[in-house]
Amino acid sequence: MTVSLLLNFGLLVFLVAVALALAHWRHLFPVAMLTGLYSLLSASLFTVLNAPDVALTEAAVGAGITTVLFLATFGLTRAREKPVKSSRRLIGLALTAVTGAILVYASLDMPRFGAPDTPVQTHPLRDKYLVASQDEIHIPNTVTAVLGSYRGYDTLGEVAVVFTAGMGVLMLLGRGRRGRKQNPE
Amino acid sequence: MSGWWLVALVAWPALMAAPIVACGRWPNLRETLSVITGLVLLAGVILQIGPLVDGGRPDILLFSILPGLDLHFALEPLGLIFALVAAGLWPLTTIYAAGYMRGNREPDQTRFFVCFALAISAAIGMAMAGNLVTLFVFYEMMTLVTYPLVTHHGDAESREGGRTYIGLLMTTSIGFFLPAIVITWLISGTTDFTAGGILAGTGIGSVGAMGLYALFIYGIGKAAVMPVHRWLPAAMVAPTPVSALLHAVAVVKAGVFAVLKITVYVFGLDFAYQTSATAPFLWLASFTIIAASAVAIYCDNLKKRLAYSTIGQLSYIVLGSAMASKLGAVSGSLHIVTHAFGKITLFFCAGAIYTACHRKYVSELNGLGRAMPLTFTAFTIAALSLIGLPPMAGAWSKWYLMSGSAGVEEYALLGVLALSSLLNIVYLLDIPARAFFLPGDAETPKGIAEAPAACVIPLCITAAGCIALFFLAHPIIDFVGTALGGPA
Amino acid sequence: MRHLVALMSGLVLLWLILSGHYTPLVLALGGLSCVLVAWLCARLGLVSREAVPIALLPRLPLYTVWLLFQIARANMSVTWRLLAPRRFIKPGLVEVGLGQRSDLGRAIFANSVTLTPGTVTIGLENGRAMIHSLTPLADDDVTEGVMNRRVRWLESRHARAEP
Amino acid sequence: MITHFFNQMPALVVVVPMLAAPLVVLAHRQWAAWLIFVGACWAIFGMAFLLFVEAKIAGQVSYAVGGWAPPFGIQLVIDPFNALVLLLVTGVAALTSLYARASIAAEIVAERGYLVYALLLLCIAGLVGITITGDAFNLFVFLEISSLSSYALIAMGPKRRALLSAFQYLIMGTVGGTFLLIGIGLVFMMTGTLNMADLASRLPPVADTHTVQAALAFIVVGLSLKAALFPLHVWLPNAYTYAPSVVSAFISATATKVAVYAVFRFVFTVFGVDYAFGTLPLGEVLLVLSAIAMIAASLAAIFQTDVKRLLAWSSIAQMGYIVAGFALATPDGISAGLVHLLNHGLIKGALFMAVGALFWRLRGSSINDLAGMGRAMPVTSAAFVVGGLSLIGVPATAGFISKWVLLSALFEAHRYLLVAMLLLASLLSIIYVGRVIEALYFRARPDDVTEHAHGEAPLGMQLATWALIAANIAIGLHATPELGAAQRAAAGLMGGGT
Amino acid sequence: MREHTVLRIVTQLVVAPILIFALYVQFHGEYSPGGGFQAGVIFASAIVLYGLIFGVEAARRAIPPTALRIGAALGLLVFGGTGVATMLLGGNFLEYDVLLPKPEKGQHYGLIIIELGVGITVASVMIAIFYVFAGRGRHRDEDEPA
Amino acid sequence: MMLIAGILGVAVTMLLILVRVLAGPTTYDRILGINLFGTKTVLLIALVAFITDRTDYLDLALTYALINFIGTIAVLKFMQYGDLGWAGDVEDDTDV
Amino acid sequence: MSSLDLLDIVAWHELGHLASWFLIAAGAVLSVVSGIGMLRLPDLYTRIHAASVADTGGMILILAGLMIQAGLGLVTAKLVLIVIFLLITSPTATHALARAARQDGVTPESNAQRTKTTR
């Protein structure tokens, strides 16, 4: 268990380092690449945390698609971030700090991570999903059972989200935008 | 059944607005229709006199907007008086307006007549309102439909005037009137006008009542108690028939009528007297009377002078209400009538002068009396009525005001009234005096140069009305008196 | 057609290895998947000699073993250099003429070179490969042409089929 | 079979628009897309009405998606509170469907039209989903659907700036969504459940922890961003201004309202009024913010030169009214807030539709463009006038009802300062509405605009606009049913149970 | 980048395995990590790879945008349609029990169908987004057909 | 035990690579680092799969093995052409 | 079953264990060394060489160690697949990288450019 803990810790430190670099760099190439790195790290972390489904998602999306889409977007725009007024950056920093502070505040009373007596572990949901699902749905991967059946409605919603995103992109950037009726500014 | 009469009367002019719009392309038809509408309305209102004198109180609860908040019509003597004034003067104004608008080739005449009809509808609605909410509904409706009339010309000056007009009226009504109604509702659980007042017996204290009354008085901006009088001179940018309507028939009368009605039926004369909720307004109204009259003296613009005169005269009525006595209320309601006839005549005359020779400043009127004898004779009669000289109608209202003041033992008010009469003489009689006795300048027309008949006939009729009312005043007083309780 | 069959069998094999569930349902889905992928590959133009290099198959195992051996050897030498003082590193560039007749062969050569630590192909065009090496020794290894020959051997049947 | 259908309505009301969207994409042709759009919108409107009635009779309608009993599966709940919101959303959607055809044909290139319909349907599905779900995470999912579709729709606006404003909205919306998600995560961590009713019963024991406090903060802030609650309103003026007319109309009438609904669904149902308003000072904070919103946003509205932007600022102010009502946390206050939530939806929908109709004719929406249009498009202008009066709160319009109930609630709660603020904001609204009306009727058309700037908008647009206006007047004249429904909802919320 | 020999060859070799792997992930969601969403993304990344090397036009010829549009819609319809089917069969929305006589069988098949729906939509949308984005680079600003 | 050693080794390597990625100096260095990082992730996941005895995690590793290089290629292509969709056999492919 | 057989099995087991141990440890060491190389070496091209140590040697050794752990079966097959795919894709990426770097004008740190040609 300690190794896992150590690994968690190490990966988190890596994540923080990458995140800081992400925030720091103005040129967008390295940023696009670093997001790839970020996803590699998170995938590892999720694996270590025993969440292979999430890790696989992260792997599939982060390794293949994210970088490509980032770059494609740069192709549409420009590869360098516009310098932002320092005041706005300060505001952003302040907001981030406040959010972080609240999170830290929130963490003061959180149940211990992974402890068996946390509300999440003691709630009847856990038994239902991990035990009863084997009888009710008969498939070994409870994650799929939860996502597909118990919370299938959420998943439907998420598919709709993906569909929305796709249609939105098609609408905004698809064929013939140039020809659309446009008022001069 | 009789309740539906009220609804019909309120709805009638509004409904007739549609055919008036439809006839927009044929001016003759349109104006005939307007006049007919007015006459029918008048007939309808007159038909109500009989039942009311017999003690009938038609009443109808149309439907409720919110629980306890109804659209409720009810007719009682005060309302009938106001309705009669409005309905009676409207056809005349319409005829006059037809002549005036054509004589001056005004644009958008259809819109003008439609708004006119709607304004009358609103006035009748106020007259027949059975509760505060209904009163408020039609009060606001009147503000809104008269706004296009004020802004009629659409140029920068009239837009500015219109802004002041609607801005001030809406501000006061939403800022003070509405909360006052809400408070009344919250305190008493109803807004229905009831004899003896709905606030009586609710345990509201003297200070509270005083504050509430202030909210009402300043909420009803149409009553033009200083300092919320600014809209009235501003509205003078409108065509003269509009001014006539605003200042004599619909708007300002609606304001003071609302004050009167609230004093009598919301506070109740006894309650108001006991809590002396209205007392401060004796002095505020007095101040308004004197100040407005003083300002009027210095106004060279004829219509503006009349406007300030109106402000002063309205405060007579507020004063009457604020006395919180039967006599005060009677004199106030009487003054609604007499001032209506007097002031509409004056405005008709001003409009006639403008139509005939395009003069709008007092200083330009020298010597015009010979060219427009009918007009200036009528002007003189009306002026005398406002000043309060017998045998003009105004004499009675002033008389009762004075006795009212004496009745509530505020003798200082007598002085105020006397002083104001003096000032009235100065600024009103100044005009016919110039016209008749001073020599005209080079451009003064020689011979008779009256305005079109459509303008002159109405003003003659109203001038005659001023005299006739002198003899008809007592039935009115008795009639109103039956409706009022409270200390005499 | 040959290639399609080969592709299909490859896919089926892959599926069987990946799946590990041999119920009728899963197998049926697997069959469908293979057909779908094959059809898609056909549409993408991926059912060709280049994309399904069946001709290499007979000699591939031997080549792989040899290559692994090379990799092992190179690993040892490079690992040592990574830790040794800087002077043991003498990078250099070599241009090598390629004898392979097909692009497939050239690609295999380039990747094999890259795979062996110590050498990396940094250019491949017009029948010539530009190779960067960590040490002259490794450089010699390539220029000796051993790997070149091996790849030629690997692709010989394949290349013959080329018109 | 029929009863089965009735039992399925809570799911159908979401599923119909959600599945109509892909059908629209498959149909591809614009008229077919429109027909599907209209059919779906009216179908869910009908269902929403039936559900409303059902919720009124039964007190609460609950539906277990997937047949899994509540804490295990996702539950849809329709109670008097959200039945009203549902009615608003679907009603406006139904009218939007009539309005959309001409407006979209005029503003969006033809081969893209079907996508606009699809995204509108998705947006509707998202909003309806948020409204009726009884599950915290599910709410987030549908929030994302509605947000994503609205970003895209706003970006379709006819000016280039539309992209920028959509981007701005996207950034803030994403932050909001993330906050909400964090909040839900924290709550989940403390209770182990996502079902709102279950949460409500499991939170009290752990309510006194930093985690739950932070969760409340995150959820409220996140949703307030979507609701454009001052000072989180920054995205709204641009978004409403540059969006296509039909999108402005629909979104202004529904999206922020649903977000406010969601805020108070969490605050009242999940966290409980005693906790949020008693233990924590949420009520005071919201009251102060809403007071500022009323005044500041109204002032800002006065200085706008574009009518859509003006209305957008006014929306921010009006959100202040709504929130003020809810934040009183008295039965009267909540019902007043709810009444204004509905009324404002109707008012703003009507106004934006009217402006859209003017835009349809003018290709512009600045106040100067509108000069003299009262004569050129009398019917539309009249609609705007009535809508504007309702916004001001003139009697016999829905706005008056709002103002009345809000004022009485504020008086009851002895919040006299807020009364003053509310009145002041109303007065400011006279000024900004007045500016537009003045331009419509009392200014001459510019001389250089002669061609094509005359004649009314197509029937569909007018029909939709006037239907909303009629609703305004109807409510203004007879609001007893609405208030009754709102009071039932308030009673339910104060009772604490879902 | 077709002239890049190594990349071209390797891409040709790798696309088919990626595709089959994607379908494996798709259909083994019940047994091992993954499911429709991941499968869709992996599937799409194969096509993306192909598009990178052979050009978007080539990819578009093989998988036309219309097919993607239909696919995206179809996936959502498959998922939602399953729910509607359960309603028609007398259950609640997405209550797969009623699909087949045995509830757990119904659950199993229901899950397979909806995961398929997820996969189709995700793959289609991802590819479509790639088409749209990648087809609008600096090289062809003018004659852009997207 | 041995697995732990393996994990530690991989983790340390990751750290070293991370330093290189963040240090640069050229973009290509970074890309190289990230690419290598991908391989390390594959190893890490495989090792974790064995340590937790969940061999189905290997699918994850396989995913990376299959598609990790797509990102790298995309970056390279973009750096070269500024466009991802371009077929690229028309211009400037004269190679040395 | 004789005791000898039993011993035999245990020995085999131990041996497998040992081999696996060795392979993984060696892989880890190679990995780390290549990481050090990544930091130490002077320019991009030389660093590529360092990287390829981890890419090939480290990877193969560790996965081979795992294969021994898993024994003959599907798991090993999967590991083999991983190895194969990595062997195909990672040099490709490296090559593409090196080529792009060169075309971009990143010059190798090299004193002599020798050219030899074999047939």
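Going by the order they are written in, the chains are A, B, C, D, E, F and G; count residues from 1 in each one.
Definition applied: a residue touches a chain if its C-beta (ideal position, glycine included) is under 8 Å from a C-beta of that chain, and two chains touch if they have at least 3 such contacts.
Just so we're clear, the structure is a prediction, and the values are computed from it rather than from any experiment.
The chains in contact with chain E and with chain G alike are C, F. Chain D has the C-alpha centroid lying closest to the overall centroid of all protein C-alpha atoms shown. The chain pair with more C-beta contacts between its two chains, of F-G and E-F, is F-G. Between the Cα centres of chain B and chain E there is a gap of 77 Å.
The geometric centre of chain A is 20 Å away from that of chain E, both derived from CA atoms.
Rounded to whole angstrom units, the spacing between the C-alpha centres of chain B and chain F is 88.
One finds 29 Å separating the Cα centroids of chain C and chain E.
In chain D, the residues that reach two or more other chains under the touch definition are 18, 21-22, 25, 65-66. Multi-chain contact residues, meaning those touching two or more other chains, occur in chain F at positions 14-15, 31, 56-57, 59-60, 62-63, 66-68, 70, 73-74, 79, 82-85, 95-96. Contact with two or more other chains is made by residues 52, 55-56, 59-60, 63-64, 68, 72, 75, 149, 152-153, 156, 158, 160, 163, 165, 167, 169-170, 174-177 of chain A.
By the touch criterion stated above, chain F contacts chain G in their complex at residues 1-3, 5-6, 8-10, 12-17, 19-20, 26, 28-29, 31-33, 35-36, 39-40, 42-43, 46-47, 50, 55, 58-59, 61-62, 65-66, 68-69, 72-73, 76, 79-80, 95-96.
Residues 389, 392-396, 401, 403-405, 407-408, 411-412, 419, 423-424, 426-427, 430-431, 434, 438, 441-444, 476-480, 483-484 of chain D are the ones touching chain B in the complex.
Within the complex formed with chain E, the residues of chain G that make contact are 85, 88-89, 92, 95-96, 99. Per the touch definition, chain B reaches chain D in the complex via residues 63-67, 69, 71, 133, 136-137, 140-141, 144, 148, 151, 154, 158-159, 162-163, 166-167, 170-171, 174-175, 178-179, 182-183, 185-186.
Within the complex formed with chain F, the chain E residues making contact are 1-3, 7, 14, 17-18, 21, 25, 31-34, 38, 42, 45-46, 48-49, 51-58, 130-131, 133-140.
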